[in-house]
Structure formats: C-alpha cells, structure tokens
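Shared chain: chain A. Partners: chain B in the first complex, chain C in the second.
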Partner chain A sequence: MKILVAVKQVAALDEDFEIGSDGRDVDPDFLIRDLNEWDDFSLEEAVKIKEASGDPVEVIAVSVGPEEVDESLRKCLAKGADRALRVWDEAVRGSDPIAIARILAAVAKRETPDMLFAGVQSSDQSFASTGIATAGLLGWPHGAVVANLRYAPGAKTAVFRRELEGGLLHEVEIQVPAVLTIQAGINTPRYASLRSIKQAAAKPIEVLGLSDLAVDAATVGEAGSLSRVRRMYIPEKGRAQLIEGSPAEQAARLAAIIREFKGEAA
Partner chain B sequence: MSRTDAVTRILFEAFSAAEVRLFYALGYAAIAVFFYGVYVQVRKYRRGAPLKLEGGLGRRVWSMFTSVFGGRTVDRRDPAAGGAHRLIFYGFLLLFAGTSTITLEYDILQPLFGIRFWYGRFYLIFSLVLDVAGVALIGGLLYMMYRRGWMRLPKLDYARPDRVPGDPDFNRPQYRREDWAFLWILLIIGFTGYVLEAARLVWLADRADVWDTRWWSPVGAALAHGMMAMGLGEHGAGLLRHGLWWFHGMIALILIALIPRTKVKHIFTAAASLLVRDPLAAQRLPRIPDTQEKPGVDKITDFTWKQLLNLDSCTKCGRCHEACPARAVGAPLSPRDVILSLREFANATLESTTLPAAAELSVHGKAPGQVAMETLWACRTCMACVEICPVAVEHVPIIVQMRRKLVEDGAMDPLLTKTLQTIHKTGNSFGESKRKRGSWTKPLPFKIKDARKEPVEVLWFVGDYASFDPRNQKVSQTFATLLHEAGVDFGILYDGESNAGNDVRRVGEEGLYEVLANANVAALASAKFKTIVTTDPHSYNTIRNEYPDFGGKYQIQHYTSFVKQLFESGKLKVTTPLKLRATFHDPCHLGRFNKGYEPPRDVLKLLGCELVEMGRNRSNSFCCGAGGGRIWIPDPVGSEKPAQNRIKEAAAIPGIEVYVVSCPKDLTMFEDALKTTGNEGKFVVKELIELIREAIPAAQTPEAC
Partner chain C sequence: MSGLLIIAEQRRGELRPVSLELVGAAQSLRRDGEQVAVAVLGQDPGRFAAALSVAGVDEIVTVKVPSQEFDPDTFAAAVGALIDARRPDVVLVAHSVDSFGYAAALAAARGLGFATDVFKVERIDGELVATRGGYGQKVSVELDFPGRSTVLLALRANMFKPPEAGAAPKVTAFEAPAAASRSVGKEFVELSAADDVDMTAAEFILTIGRGIGEEAKVPQFRELADAVGATLGCSRPIADAGWLPKSRQVGQSGKTASSCKLYIAMGVSGAIQHLAGMKHVPNIIAVNSDAEASIFTVATYGIVGDIFEIAEELRSLF
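So, the complex of A and B:
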C-alpha cells in the first residue's frame, strides 16, 4: 500500500523585500523558505492513515525543485514519511502548475500509489491547480478541498467530505486510486522536533531527473507551459483621508478636493 | 579490679543462655533483612541510566557533612522544624552510637582482642550524654507530633493539586500513617529506654556499683525514685526490666530491619543525595548524549541512578510544595507530588526481581505513579523547588527531561508548537524578520556599534523581548543612551543575534536549543569584545552556565552589576535622587539561578529609593509565571496568574509607589498583572533602567525615546 504526497517548498516574504531585476519575482534574498502550510496537513493525513492501518503502508513525499527543497523534504521524513523523492532539472525552471503536474503524474506512474494527496493550494502562488491537473493527466478521479477523509488502505473506495458555502457539507465516495487535495484544518499536524529533523537527515532523499521519469524536457519549464508570469509588482497605494468638521466644513473641503483633482485652482 | 572498673553497663544479666542466643538470632535476622533491603534499593538505583559525576569528591563530602550535621538545609523557612529535627538527629545519632559502641566492645573487641573500654569514668560520662540525648530525642519527637497533629500546616497536607477527591492517589493516607508510625516508634524506643533504665536501677538497688552512680543517668534515676516511691520492689522491677528489655530491643530491631523500605531510609538517601548534588542542576540542563536514541525520559529506567536516588530522599517536608508558583495559583502541579508519584512508580516497577516489560515502564500518563502532561507543562522551571529542597532533590531537570519526550511526541499546546516553529524559522519568538532585530536602535541619535564589524569593550546581548517588544524597546533605547552618556565602548550583534535559547531549552526542545546556542556562539566568535553585558536574565543564565558546554566561554554580567560598577567608578552620577518607596522583584534567572540578589538593591538605594521588601524576596522570590516557556502558553482563563498573585503581595505594602523589575519578561508580565488586578493608578511597574534615567535626567533626551 502506498500514499504519494506531493509537497512544495513555498516562499514567505521578509520585511522590506525587493522585486528581482527581471521584474517577474521577488528577489530570492528576501524570501524565507518553508514547507507549504497545506502540505503539512496532507502529509499528516497520510501518516495518520499509515499509523491507523494494520497493513504496512508506505508514505512517500515528492517535490519538484532544486536542492534547497531537501530541507522541506527532511521535515516530511521527520514527521513520518518513509521515503522522499525530489525531481529536478534546470529545464523545469519557469514551469506553470500544469507542467509541474506532468512531472508529478510521471512520478505517480512510476510509484503506482493507491492515493495521491496534495495541498489545496500553495501559500505563495495560490494557483490551486497542481493536484487537480495531476489527476487529469493520470485519468484518475479527484476530490478537491477535502476537509474530512475516511479511507482504509487497500479499500476500493474512500469517502470524504467537502465544505460548501452556507454551512453545507458534501459527502463524496470516490474510486481508488484517486487524487485528493487536502484542506488546512483537516487534522492537527504534528510537531517535527529539531532532533527528529536532524535524524531524518540520515534518510536518503532520492533525486530524479526528467530522463528517469521519461518526461520530455520540452513539455516542462517555460517552453512547456501555456501560461507565463509577465510581471510582479506592488500596485500604487490609494489614498484615504477622513474629512472632519461640521457638515458645511466637510462639504467645502470635499468641493476643494474635487476641484484640485480636476486641476482647477483652489 | 578497682571500684570504678566494676561500674559498667548491665547487659544480659539474669538472661538464660537460650535467651541470649535467641536475641542474637533475632539481631542477625534484623540485620539480614536490613541488608537485603539495602540490596533491593541499590539494585533499583542501578536500573537507572548511567551518569558520571563531575567535580571533586572532597568538596562534595564537605558540603554533604556540613548540610547533614549543621542541619542548615532543614532550618530554612522552618527554623522550628529544623530545631526539632536537630534534636532528633543528634539524639538518635548519640543513642545509636552508644548502642553500637557496646556492640563493638562486647561482640568484637573483647572476644577477639580482649580490649575493654566500656567501664568506669568513660561509661559514666557516656551514660550521662545518652540520658541527655534521650531527652533531646523525645523533645524533638513531641514537637514534631504537635506540628503534625495540631498545627495543620498546608505544606503537610498530602492532597494533590493534580488529582481530584476520589482518585486512588488523591491524598494518600498511607503516607500519613507512615509519618505517625515513624514518630511513635522512635518515641516508644526512647521512652521505654528510660523506663528500662529506671527498672534496672530499682532492681539492682542493692549493688553499690549500680546504685551509687545512678545520678549519671539523671532521668533514669529520677524515674527510679518515682517507681520506688510508688512501691516497686526488687522483684517487680526485675520482671519489668526483663519484659521491657525484650520489648525495647524488638522494636529497635524492627526499626533497623525496616529502614530500607520506609521513610527512615532518608537518613541514608538524603545524605547520599546531598553528596551527589549538582549545584547547577536547574541552571545548566544536561545535554542529550550522542549515544541516546530518543531524547528525554519515557521509561522510569531512563532516569539516571542519581535521579532515582533523589526520589527516595524526599521526606515530604512540603517546602517545594509551598514554594511552587504553579501550585500557588492552583495549577495541577506540585513538585513534591511529581517526586512522590515517580517514587511510587519506581518502587512498584524496579524493586521486583525481574524488570517488567518496557511497555509497563512509561512514566507518562494519568495512572497512579505516572505524571500527566498537564502537570509537566504547568512548570515554570523557576527553580524555587530545587533551591529550597533540604535533601538536594533536583526537580527541574527531572521535569525538563520528561518534557523532552513530550516535545518529541508533539504533545504540547498548539501555541507553543507554533512558537517553536517560529523560532526555528526566524531565530526569534516574535516571528519578526531577522533583519529587524536591530531596528529598535534606529530612533537613537547615535549609532550603536556593530560588534561584528568593529571591536568593542562591552558586547551587549539584547535578547528577544528587549529587541522586539515595543514596551521593552523603549527600555533598550534608554539603556543604550545611558551607556552612551557614560562613555562605555559598547556594541551589539544586530541580526547576528538569535534568541538565546534559555527558555527553548527549558521547554524541552533540545534540538532547537542546540541550533540557537551554536548560532549565537558562532556570532559571538565573529565579534571582538572583552565582556558581555545583558539586560535579559534568561539570556544571562544560559550564556553564563550553558554556553560553555557549546564551546562558548565568556565573561558575562547582568546589567545590574555592570551599572553598579558605573556608579562606583563615577561614570554615572545620580543628580536627582528619587525618594520613591519601592519594592524589588528578584527575577528567577538573576536571583535564585545566579545569586544576583544585591546589585539591583544597591543600585536602587544609590538612586535614593526607599527599598521595602516583599515577604517573598531573594531566594524565595515568586516567579512571574513566564519561565520555562510558559510565556508562550496561555494560562487558563479565570484562574489567578502567578504575576497577579505577586502584584497583590506588592500592593499590600503600605504606600508603595513603584514595583521595580530588572527583566524584560517581568515588565510585560507585571504591567499586565497590575491592570488585571485593578491596581493601576495605585503604583507603577518600572524597569530599574527607567528609574536610573529618572535619577540622571539627560541633558538632551532624544525625541523618539
């Protein structure tokens, strides 16, 4: 029995950040890296299923990214993942979520898991599409924004609940193998102590290239993506002002401002 | 043989040979039971984890002897009990020594070497000494009985704050029975000793060697005269003596046989505990050995032999129970009960011939003998328990070792989990960017040197709270200005500094502590300075006592002693004496942990303040409740917080104007408690630094400060 958990190392902004020279992303010097919040929950859900199961279950964490991503994968190993995989090739840089999904689908074909979990979205880019796209590429059923899950490894189906607007709940039965995107709050992720993270450093992280997965380099990266970030910027801030005084004073001030905007002399 | 030579102790006179043989048989049996008990106890301790003691044996032995024979530790905060204990201790010791020397002569020296000394003047003086010792013993015992029976001391109430009435181990009446049995047994031995002595005198009144020297045993002689006045004759006295001899002897033998299995054992275990005492037990927590697979204590056998010995030293005196701030505000923790629970657990599991299966050895949980997670997390690691324990029980490392296991399992408050993750990510508990650590210096009209870039005399280790908390930033700016005005050549580490880790370590997150300590040691290594000064007692403690284990050995001072030197050398001068009625709160990590009691008081007096002490001061200072990581764990709603308890104590001082602290966390805790106890407006909470500023108004105070 296998559960594959797709995780991402996300970036958080430091104070006083700057946009990089190409204008398409924040200068990496100003980013703090950490495991995506949602992935903490999806990994915990997989580990909980493993711990509750009588049969052996293997939890495999997989991420697409350069070497620095190992730090997040080690956290996954510390929290109970049995193996970690990292896929990287310089050609992957600039991939959109669909291109990343192509790689994850190739990993799923290689590992043939019973379930593939992903977070609902990543906290830094919020596309919320990688997991769903992977299901599409694999031709597997998918459940999005899963807030509760009942699944025994080896079973042919799983039942999950999704929260809808107005306090409604959706209870869905799904064929396995399936892709589920896990909502934050589904469980309480465990704490990975620094010691367990250090000890996890002893567990190997398997690094795969595109050729290992038989993924054509032309189908990933900017070349293989159908969308492209044009620029990243901070919009100019609007100005707000509270006009005080009696109604007459307020009206006079407002009129003055309007005249100012129209370019008339005060 | 001269007449005085004939004067000696009457032993087996008028006993048949069979009786003497029976007595010896019983005596050997009692000693055998005693030694088997000792063996079982030693086997129990040896089932603990190994530990190598540091420090010279000579100093250990000396400190143990002065504590045991001086009774210093038993006197503290309860001099009457200390005095009574001293009477019992010396009374028992002399009487026991008396009996032992008789054995030495009668059973060893005389039969083997023909040596005798137990006669004549030596015997007479000894019998006088023993008579007085008996009075001391009985007097001490009677006071202890009065104390237990009539004084109703809360610290002697065994009801537990971490259990509810109805739980099997709620108030443990068996302890009460044991306490009383111990007192009664000693009292009966002492009392029958006198009656026996008197009966012997009456019985042998015809013999000059016995009767003429009777006043060398004044109590016995007086009793003998009383008995004779009541008409006791030689025959009756002989019978009484014979019967009492056996009764007295049997009770004494039973006591000896039971020593290893009852609280009487403290005469050995307490001395042993004092011998292996670590004077820095709470100040410098143990590292996790590389060979240890899982951190902390899960099973009872994960405790070191010394900790198992500690458990057996406890006499339930209740001093820690009384001192504990968590217990005082109704939290489910009494240091006494942690120790007693673990002792019950150790006795139940480790005294058996074969060690139970590992699954039965976990000390975590809610069953009798186990310690609940809520109990462990209630601890503030303020060291009040360790500091006051008369028998050197080291509660804090025991609790932290158990917390290490909880941290490994993630069994902690979600907010604490979040804080630890934050500290790992950003190096501070505020979740602020590392870059912003030095931001508080920006409003200052001068630039503070970056000690990593240029050499300084004094390196100021600022700490998290003083760097990021807005209220404390103002204090930091004031302190920087004072140093600047005093012409001190100082600098800080800016973003090179991380949380010092003192509280992270006391939470039990040792891995994160290692990361923080190593980062700071590396940052300090990159700086050039002569001495460190810190405004944060928590940082002060860990840098001073724990960084040496990580290769960081420095000269370090808390700012209070540094400022005192600045005053003494004339670099700072009071220009406006304050004339305030002030009380001073000793921060745990400055006072109890590092004995910095006097410098802040000296500075306060230099400022012209009138210092009025709170009842609980110096070593008995009452924790603000923030220690041991509790500042990151919310206190339960509705119950009193330690800081509120403390502020109420200060509010009871008539005419109090200012409550002085010298710790950033104290400032936060007590300003809050001042408001929540409704004392706002009645007096104020101030950092000593702020008072110094008031007493030395600056020529030009910077606008932003």
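So, the complex of A and C:
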C-alpha cells in the first residue's frame, strides 16, 4: 500500500522586498522558503494512516522544484515519510499549478499509490488547484478541503468530511484510489525529533527529470500553463490610521475607543 | 466563442449570495451583444430561477442532475457539457469550497484558461485580465490567458457588487449527460458548539491570532475580553491548535462577525480567509508587531507594537 503526498516549498517575503526587473515576480533574493503549512497536515495524515494500519504502508513525499527543495523534502523524511522524490528540469520554471499537476500526475502513474494527498492550498500563491487538477488529469475521484478522514489502506472507499463555508461539514464517501486535498487543522502535525532529523539527512532523495516521467517539456513551464503572469505589483497600502505613542498611551487611546463604543464617558 | 456563462451555487435549498456577485462581475466583461447565462444545477433547479432573475442576466439555464447537493463528478461533467454546447469565452464560478472540488480538474482536463481567487476582472486592449493576490496577498498579480478560447475564473466572494434590480430573463432547460459519480454525498454536520457563544450575534469582539504564541497565553486574553466587555474570538490557527473551540473562529470556514460594530484583532496577521469574516465591521482596531501585516489594510486604527504590552496596559484601565 502506498500514499503519495505532494508537497510544495513555498516562499514568504522578506520585509523590504522588491519586484524583479521584468515586473513579473518578486526578486528571488527576498524570498524566505519553507514547507507549505497545509502540506505539514497532509503528510501527518498519511503517516498517521500508516501507523494505524496492520499492513505495511509506504508514504512517499514528492515535490517539484530545484535542489533547494530538498530541504523541505528532508523535513518530510524526518516527520515520517519513507521516501522522497523531487522532479526538476529548467523547462518547469514559470509553471502554474496546472503545469505542476501534469508532473504530479506522471509521478502518480509511475508510483500507482492507493491515495494521493495534497494540501488544500499553498500559503504563498493560494490557487487551491494543484491537487484537484492532478486528479482531473489522472481521471481519479477527488475531494477537496478534507477536515476529517476515515480510511484504512486496502479499503475500496474512504469517508471524509469536507469543510464548507460558515462552520458546516459535508460527509462524503469516495472510491479509492482518490486525490484528497487536506485542510489545516485535520490533525496535529508532529515535531521531528533530533534523531529523526539526523536520520533524514542521511536518506537519499530520488531526483527525476521530465524524460524519466515521459513528460513533454512543451506541456510544462509557461507554455503548459493555463494562465500567464502579465504584471506583478505592490498594491496600495491599507488605510489604518496608526495610533502612535508609548504602549501606555496607545492602550489609553484604545480604551477611549472602547468606552466611546459602549457609550461610557471617557 | 462568445458570451459569459456563470455557474450559480446553491446549498441545502438556498442560493448562495456569491452567485449574484458573479452576475455583477460579468457586467464589466460583457461586450456589445454578448449574452450572460446563469446555470444552476440541482434536482429541481427551476426553484432557483426567481432568485436569479436579476438585471444583467439574459438567460437562466436549469440543469437537472441526480444529486441535489454538490458532487464533483456531476458538476465537472455538466459544466463541461455546457461549455461544449455554448462555447462561452468566459466562465465564472465562485472561489468556494464547492468549486475547489471540480474547477481545477475541469480546466486541466479541457485546457481552459484558468485562475482562482480572482478579485478584479477587466478587459485591457480587448484581452481578458484577471487580478489575484500573491505571496500571502502582499502583492497583486495580473494574469492573462494567451491562446485560450475559453477562460474559467473563480472569483473571490464579497468583492463584486450584486445587481439590485430585478429582470425577467428567459429560462432554458439543459440536458446534462449522465455522469458516473464516484463519490456519494451523505449528511451535513454542523460544527458542534463546544460552548454556547454565538459569534454572529456579538457586537464587540476581541480576537486573538497566531501572535499570542502559546496556549498558556489564552487565559489572559480571555480575562481581558471579559474585563472590557468583548466576546473572545480567534483566527484559524488558534482553533486548529485546539486552544479555543472552533465556534469562536472568525473567518471563511468559521463564523462571520455579522452583528459586530467594534472588532479588536490582537496578533492576527489577516489571512484573506479571516478578513472574509470581519472586514465589513465598521470599527476595526488591529494590534500587531508586524507593520506589514495584512490586517492593517482593513483596520480603521492600527497599533504597531507588542500585543502583550498593549494587553497589559489596556487591562490596567478597566
């Protein structure tokens, strides 16, 4: 039994970031990289299923990106993934989530997992599309925003609850293999122990190129994307009027606003 | 390729308000002579026709499907068939949990131009341009769709004005192909109320976010909220960690602060999902150590500082 977990190394912005000279992305010098928050939950969900299963289950973390992505994959290995795969080719640069999904679908065809998990969305670009697009390309059943999952490896179906707007859940039974996008909060991701971090550092990360997966380079990158970045810009700053002063002065102003709201004399 | 196709959203017998916002958004994209059609799917889709009869809609397309509630395979097949039959140049859906479940699969399988969480749509020199946020909403990104004859856009809720005037569009039934559904929707489950707080009724809310750092800090903010007379709320990470019950979470997947008049956010960065539940509040005060936090973009007043210091000083005044 196998569970494939698709993860992304996301980028947060340094405080004083700048847009690059082509005006279409942030200058990479200002990017701080880390494993996507949602993917921490989907990896944990896979590892939990593995630990609860009587049959052997292999958890494979896969990511698309250059060498620096190994750092996030090592994190996955330290938190319980059995294997890590990284796919890269310079032709992949400029891919939108759908082009990335073409690669993930090819990896799924090669690995033939029983389940494919992805995070609901990435914390940087927030398309909420990669996992479900992968399902569409594979022709697999799919469910999005899974906040609770009951699945035993080997079972023909899984039951999950998708988290709707406004505090409502919808229970769904789905055929397996399936692609599920996992919502933050579904579990409590573990911390990696020092020992497991050391062990992960020694584990190999398998690196694949597009030809290993029989993916045509013309179907990824900008050419294989369903949208193109025309321009990126820093939007106008918000309108909050800043309350200045010492903490005591700031708190006094805040207290006055509260008293005014409550109709009390300041 | 011409015309706009909107996919309305309904759940448990109610049309979701975002459906009409999509109609509003379509007006700025419509070119001379172009028709706007709104499709609605369900076991008895005609029941939604009256609610969808608003200005800017030329046609309501009812699509009878076996499942009353959202089902990803049914929706992908029916919307795909509608696109084949109508050849619209733009398809608008809501950026919602339902569309998360099928829009990307449909776009990928059919090679449609595609973007999600779009908050601005326009035509620039005749080309469709969609704007969305990037890097945690710190930048805006304009996307275009070269060579795509049909573009599917998922639009963010509460960004486009719904039409107010009524209209009498024609109603057409569309025969959807039978789809083999590989999942079965079962019951809806309301979030169990771990305490009896009703965030939607609270007029004064003090919300804590990730900035509080650790669970041990929750009691002092609970006490502060009590002292100033506010209802204590939280952002998603606090509820996910189990530090406060989910019933106190404000935001898209939590509760909307619908009656709130004064909202104090402490240590809340202002993820777009949180803003969705509170940005309409007339008086918002944000306290955060990060001057760049998104919460300041919706706040009336902002305090850049240490939330613990401010909390302590504030407590001493009540």
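Just so we're on the same page, the second predicted complex is superposed on the first by the 231 of 266 C-alpha atoms of A that agree within 3 Å, B and C clash if a C-alpha of one lies under 4 Å from a C-alpha of the other, contacts with A are read in each partner's own complex, and residues count from 1 in each chain.
Assume contacts are C-beta pairs under 8 Å (C-beta built on N, C-alpha and C of every residue); 3 or more make two chains touch, one makes a residue touch a chain.
Here the structure is a predicted model, which is why all the values come from computation and not from measurement.
Once the two complexes are laid over each other on the shared chain, residue contacts for A:Gly166 go to chain C alone; chain B is not touched. When the two structures are aligned on the shared chain, A:Tyr191 is found in touch with chain B, with no touch to chain C.
By the touch criterion stated above, A:Glu15 is placed in contact with chain B and with chain C alike.
Once the two complexes are overlaid on the shared chain, A:Gln125 sits against chain C while remaining clear of chain B. By the document's definition of touching, of the two partners only chain B reaches A:Ile32; chain C does not.
Contact with neither chain B nor chain C is seen for A:Ala201 once the two complexes are overlaid on the shared chain. Counting residues of chain A touched by each partner, chain B versus chain C, the larger count belongs to C.
Within chain A, the residues touching chain B in one complex and chain C in the other are 15, 188. Remark: chain A residues 11-13, 15, 17, 19, 26, 96-98, 101-102, 120, 123-137, 139, 141-145, 159, 161-175, 178, 181, 183-185, 188, 226-235, 237-243, 247-248, 250-255, 257-258, 261-262 touch chain C in the complex. Contacts from chain B toward chain A in the complex involve residues 288, 295, 407-408, 410, 412, 414, 417, 420-421, 424-426, 432-436, 509-512, 514-515. Looking at the complex, you find that chain C touches chain A at residues 11, 69-70, 72-73, 76, 95-98, 100-109, 111-117, 129-130, 133-146, 148, 182-191, 204, 228-230, 236-237, 239-242, 246-247, 249, 252-256, 261-262, 264, 272, 283, 285-287, 292, 294, 296-306, 309-310, 313-314, 316-318. Across the complex, chain B is touched by residues 14-16, 32, 34, 188, 190-191, 193-198 of chain A.
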